[in-house]
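Shared between the two complexes below is subunit A, which has subunit B as its partner in the first and subunit C in the second.
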Partner chain A sequence: MPTFTYMTRCDGCGQCVDICPSDIMHIDPVYRRSYNIEPNFCWECYSCVKACPQHAIDVRGYADFAPLGHSVRVLREEAANTISWKIRYRDGRVKAFTFPIRTTPWGSIKPPSAYEAPGADAMDSPLLAHEPAALMVATLPSLPPFDPKRG
Partner chain B sequence: MVFTDNPFIPATDFLPPSYLQAYIVLMVLAVVAGTVFDLHRKRSAEFFARQQQRSRVAAVRQLSGAEMAAIAARTLANEVATSGEFCNRSRRVSHLLMSYGFVLYLVTTLVLVFGYPADPHTPAVLPVLWNVGILMVLVGGYWFFFFLRVNVAHDGHSPWRLVRADLFIVALLASVTFALIFEVVTVAQNTLANRVFFGLYILFSTLLFGSVAWSKFAHMFYKPAVALQRRLEEANGSSDLPASATAGEGRCPPSPT
Partner chain C sequence: MGFFSSRKIRFVDADILIVGGGFGGCGAAYESRYWGRNLKIVVAEKANIERSGAVAHGLSAINCYMGMRWGENQPDDFVRYVRGDLMGLVREDLVFDIARHVDATVHKFEEWGLPIMKNPETGRYLREGKWQVMIHGESYKPIIAEAARKSAEVINRIMVTHLLMDRTRANRVAGAVGFNVRDGAFYVFRAKAVINAAGGASHVFRPRSVGEGMGRTWYAPWSSASAYALLIQAGAKMIQMENRIVLARFKDGYGPVGAWFLLLKAFVTNACGEHFEASMLEEMKALVGKYAETAPLPTCLRNHALLQEIKAGKGPIYMHTQDAIDTHEKETISWEDFLDMTVGQAVVWASQNIDPKETPSELITSEPYVMGSHATCSGAWASGPEDCAPADYQWGYNRMTTVDGLFGAGDTIGGSAHKFSSGSFTEGRIAGKSAVKYVMDLAGSPPQVDEAEINRLRDRIFQPLATYAVNRNEIVAGSVAPGYLSPLQGLQRLEKIMDEYVGGVSMFYVTSGPMLNRGLELLRMLAEDLEHLGAEDLHQLQRAWELHHRVLTAEAVTRHTLFREETRWPGYYYRADHPKLVDPDWHVFTASRYDAAENDWQMSRLPVHHIIA
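Here is the complex of A and B:
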C-alpha cells in the first residue's frame, strides 16, 4: 500500500524526504512538492505519513484489501504524546483510536550514538548491540556448557 | 539622490511614461489570463468544488454564517497574513520577507508609475519604500534560493541546478535585482547602461508575470483556498483526520531551525 502526496496540501518542507527509510520520497522538479518516486519499493512503514506536518501524505490501499471509499488516517502529536488513528469504512462507520507515542519520558532512552563503538572482539560475541546494558540487566541467561557425558 | 528619487524617471529619457503604464496594464492582464488558464488546465476549480461537495455530504454538523466568517478570519490572520502554514521558522521568515516585500514593491511601483510618471518632485517616502520592498525580497529570496529550497536542503542538490520549479523564484529575484542595479546605474548617467539594465529588468519582469501558468505564482491564490477548506472540514467534522488533542498547536514537529 504505497504512499502518495496531496499536492495541494504539501508545502515542500522535506520532512518526508529525511525520514523515508527506503529513500523513495523525493521532491518533484516541476512543482517542488514531495512525491513517491518508486511506489513498488514502499514498505508501508507510515513514517512519512506520521512525520508530515501538513498531513499531506496518505496511503493508497490495494483495492481487494481496502476497497474504495474507505480512509485510514493518522495524526501524530508529539506535544501531547499521542498518536491517533481514524478509520472510516465504506458504509460510513467511523472508528477512532488514540495511543501514547511512548510510555517513557522523551530523552530517557540512551540513543545508539551515545554507546561506545564495539571493538573487533564483539564479532565473536553472541550478544547483540548494546546488550546486556540496553536490556537493563546485569547478565543474560544462557545455557550451561555442553556436557557430552550427560547428553 | 539615489534611493530617494523616483527610480522610473531616468527611464523616461528613452521610454514615454505612457508606455510604462501600458506595460503594467499588460502584465496585470497576463497574470489574470495565466491564472485562469492554470485553473482551467489543472481543473483546480473543479477539484475544490468536488472537495466542498464531499465535505458537505460528510459533515457531522452544519456551520453557521458567523462560524464560517470566524474561520475565514482565522485563515486570513494565520495562513495568509503570517504564513502560519510553515513549520520551519526560517522558511516562514523568508516567505514573509518575500511576500510583504513583493507587495510593498508592487504597490509603490504602481503609485510611482501612475501617480508620478515624470514628476521629479516625487515624495521621497515612495522611492524609499520601493527600495525597502526590493531589499526584503532580495534578503528573503536569496536566503531561500541558496539555503532553504527543499531540493537543496533535503535532496542534496546544488543550488545552481535549476528546474522548472525554480521559474518563479529565479524570475522574481532576477527582476528585482536588475531593478536595483538599474536604479544604481542611473547615477552614472550612461545612456547605454541605463537601457541595458532597464531592458533586463523588463525582460525578467515579463518572464515573472507572463509565466504564471507554468510557475508557482498562482499559489498565492489557491493556497488560502486549501487552508480555508481544511479548517472548514475540521470544524464541520467531515475531516478524515483524527481530532487533534492539542487543538492544532502540536501540528508542527520540533524545528531544528
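Here is the complex of A and C:
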C-alpha cells in the first residue's frame, strides 16, 4: 500500500521525503504536500509514517490482496523509547501494543575513536575491536592448519 | 562532450570508500575507524542511513549468535549447520570467521541500547531457536546507524553506478562514481580501498503480487543487486550466483515464520490437516541422497515438501497459529514479531479479519531472490582469514575480492550463508580492519583515476535524462513512446524473462538448459535496450541504474544456473534436464568472471574444502 498523505494534516515539511528508503515520498509541486509517487515500490516499512510530525501519513493495504476497512496506526516516541501500535480490523476488532525500542539515550553511543588506540602489532592479529573482552570468552576461537588431504 | 558536460561534479577523496550503509556498511565504518584513526572514511548511501538497507523496517530477531559465553554453541557447530543447510557447499573458513567474532558484535549492540529479550529463568538472551535471539528491534537500524555516523562521513542519497579502476595498475580499484538523487550532482570518489556493502536483489524475478503489491516483496524493493553488479562490471570473480533463495512465508504479507516455528512451536499442515514433511523423506532421498537426512532439514527441502503438497492440490498450506498462542504473553510476542519488521503482515491480517489467536494462516513460497546473507550464498570469491583459510582460499587480505583493494561484506561476499544482520555487520568489521591494513601497506601509492573514463561514465550515467527529454516530444502524452523505455517497463521485461525461463513462480521454479539459453537471448536484447532507457527525473534515473544492476546480475544468475548441471537445491530451483544432486561432478563452487571490454563470461569450478569435520 502503500502509504498516502492526508491533505489537511500535511504541512509539507519533507521529513518523509528525507527518510524514505525507497525514494518514493515526494512533495507535490502544486499542493506543496507529500505524496507516494510509486506505490508499487512501497514496502509498507512505515519509516515515513513514524517520522511524520503531523501524523499525516497512513497506509491502506496493497489493493491486490488487502480488503478495505483496516488500519494500523503507530506512535514512535524517542523520549520514552517506546513504540505503540493500534490495529483496527475490517470487522471492527481492535488490538493495541506497546514495545520498547532502545535502552539507552539517543546519541549516547561511544564512537570507536574514543577508545584507546590499538598498538601497531594488533593490526596483524585476527582480533577485531574490543576483542577478546567483548566476546566474553578468554580467547578468539581458531582452527588447526588446514590439511588438504582431508578436504 | 554531450548533453550534460556542464553538470556539477563533486570529487570526494577518501582512504576508504564504503558503498552502502546497511549492516555490512555500518560494521565496516565502525571497525575501519577503530583501526584507522587518521583515515578519511566515507560511506556512500543510496537512501538515508537512518533507515536504509534490509533492516530499514526493523527486525524481531538476531539470527546469528553463538552464545559462547554461556557455552551454548561454538563456531564449528555453526559451520556444520550452515554447510548442511546449503547442501554441503559453503566457504567454511568464511562462515567460521563470522561465527567466532559475531558474539562480540551482538554484545556491542546491547551496550549501544538494542533491547535484547532475556529468558527470565536463566537471565541469558531469550533464544528463538538454536542460533537466534529475540529482540525489540523496531529501532535496530537507527541504533546501528548512530554508531556508523560517529565513525565515518556519511553521504546520503548517492546512487553508486560504477566502480573506478586504476589507470596505471590493471585489476586495482581506484574509487567509484554515481550521482546525488536529490540535486543531480555527479560524484567521483577517489579511494585507496573500496568496501562494497551494497544490497542483494529483489525484483530480479517476477513477484507473485501484482500492481501495488509488487512493493511487498519479501526482500526490500530497494535491494537492487548493486552488491553484485558493481563487482561483475569490475571483473571480480563471482561464485554460486545460481543459488537464488525462495522463502516459505505467510502468504502475501511475507511476514516472518521463524518465531512461530522455533519459539512458539506452531505446526504446519496441508488443507486436510496432514503433516506432510516427514512422509516425503524417501522421495527427497531419491533426489539428493544423504543430504535429505540432514538435521535440521535444509531450507530448500522444506520448500520442496511444501511445493509438492501445493502441486498435488492439497493447499492451502496452513500454519496453525491458533494452537500456539495460549497466553497473552505469547500473543504479544507474536504480534511484535510482525510489527517490528513486517508491518504489512499485520495490515493483511487486519484487512482479512485473521486473528492468529483464532485462525490459521496460509503459507506460500515466495518469488526467488539473489542474496549472500540469508540461507543462500551468492557473491564474490573472497580471500579468507589468514590464520585458518586453506592456501587457495587466501591471497593477502581477508574479504578482499579478486580485484586489488576491493573488499566486500554482507550480501556481496559469496559462499558464506546465514550471516543475517549480526553476521553482515561482523563481516563489515572484518573487511574494515583488512581495508585499513591494505591502505597502510599501500602508503605512498594513491590510486590514479582516468579523466577520460570519468567523462565517459558521466555521459553514460546521465544519458537516460537526455533520452527522455529528446524523445518525449515525439508523443502527445502517456507512457508509450518509440524512442525510450521507462525503467519500470524494462524491469517488468526482466522479471518476466527470469520468471518464465530461469525458474520463477509461474514455472514452479523449473528451468532447463534450452530454457536458460533462450532466456539468455532475451536478456541480451534487454541489455541492448537498456541503452534506450528514458528517465523523466532523478528518481527515475535512480531506477534506471538499479535496473542496469539487476539485469547484469540476472545474466550472472542465468549463466551459473546453466553451468551447474544438477539440481543441488530442490525447492530453490529445479533443472528439469538434470533433476538430481550429483556430488561426484558438482561438489564445487560455480565461478564466473565477466570481461566487460569483450562482453565475455568465463565459467569455472572452484574447490569446496571441508576444514571442519
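In this section, the second predicted complex is superposed on the first by the 104 of 151 C-alpha atoms of A that agree within 3 Å, B and C clash if a C-alpha of one lies under 4 Å from a C-alpha of the other, contacts with A are read in each partner's own complex, and residues count from 1 in each chain.
Criterion: contacts are C-beta pairs under 8 Å (C-beta built on N, C-alpha and C of every residue); 3 or more make two chains touch, one makes a residue touch a chain.
What you see is a predicted model, and the numbers here were worked out from it, not measured in a lab.
Contacts of A:F41 after superposition on the shared chain: subunit C is touched, whereas subunit B is not. When both complexes are overlaid on chain A, the residue A:C13 reaches subunit B alone and has no touch with subunit C. In the overlay built on the shared chain, the residue A:P53 is in contact with subunit B alone; subunit C does not reach it.
By the touch criterion stated above, A:S71 is placed in contact with subunit B and with subunit C alike. With both structures placed on the common chain, the touch criterion links A:I27 to subunit B but leaves subunit C unconnected. If you count the residues of subunit A touched by subunit B and by subunit C, you find the higher number for C. After overlaying the two complexes on the shared chain, residue contacts for A:G107 are found with subunit C alone; subunit B is out of touch. In the overlay built on the shared chain, the residue A:G61 is in contact with subunit C alone; subunit B does not reach it. Residues 18, 26, 71, 74, 85, 88 of subunit A touch subunit B in one complex and subunit C in the other.
On subunit A, the positions that touch subunit B within their shared complex are 8-9, 11-15, 17-18, 26-32, 51, 53-55, 71, 73-75, 77-80, 82, 84-86, 88, 96, 98. Contacts from subunit B toward subunit A in the complex involve residues 47, 85-88, 91, 149-151, 153-155, 163-165, 216, 222, 226, 230, 240-246, 249-254. Subunit A contributes residues 1-2, 18-24, 26, 37-47, 59, 61-72, 74, 76, 83, 85, 87-91, 93, 95, 97, 99-109, 111-113, 115, 117-118, 123-124, 126, 128-132, 134-137, 140-143, 145-146, 148, 150-151 to its touches with subunit C in the complex. Those residues of subunit C lying in contact with subunit A across their complex are 30-31, 33-35, 37, 47-48, 50-53, 56-57, 68-69, 74-76, 96, 100-101, 103-104, 107-108, 112-115, 136, 138-139, 143, 146-147, 150-151, 157, 181, 209-217, 220-222, 252, 332, 335-336, 339-340, 343-344, 346-353, 355, 385-391, 429-430, 433, 436-437, 440, 539, 542, 608-613.
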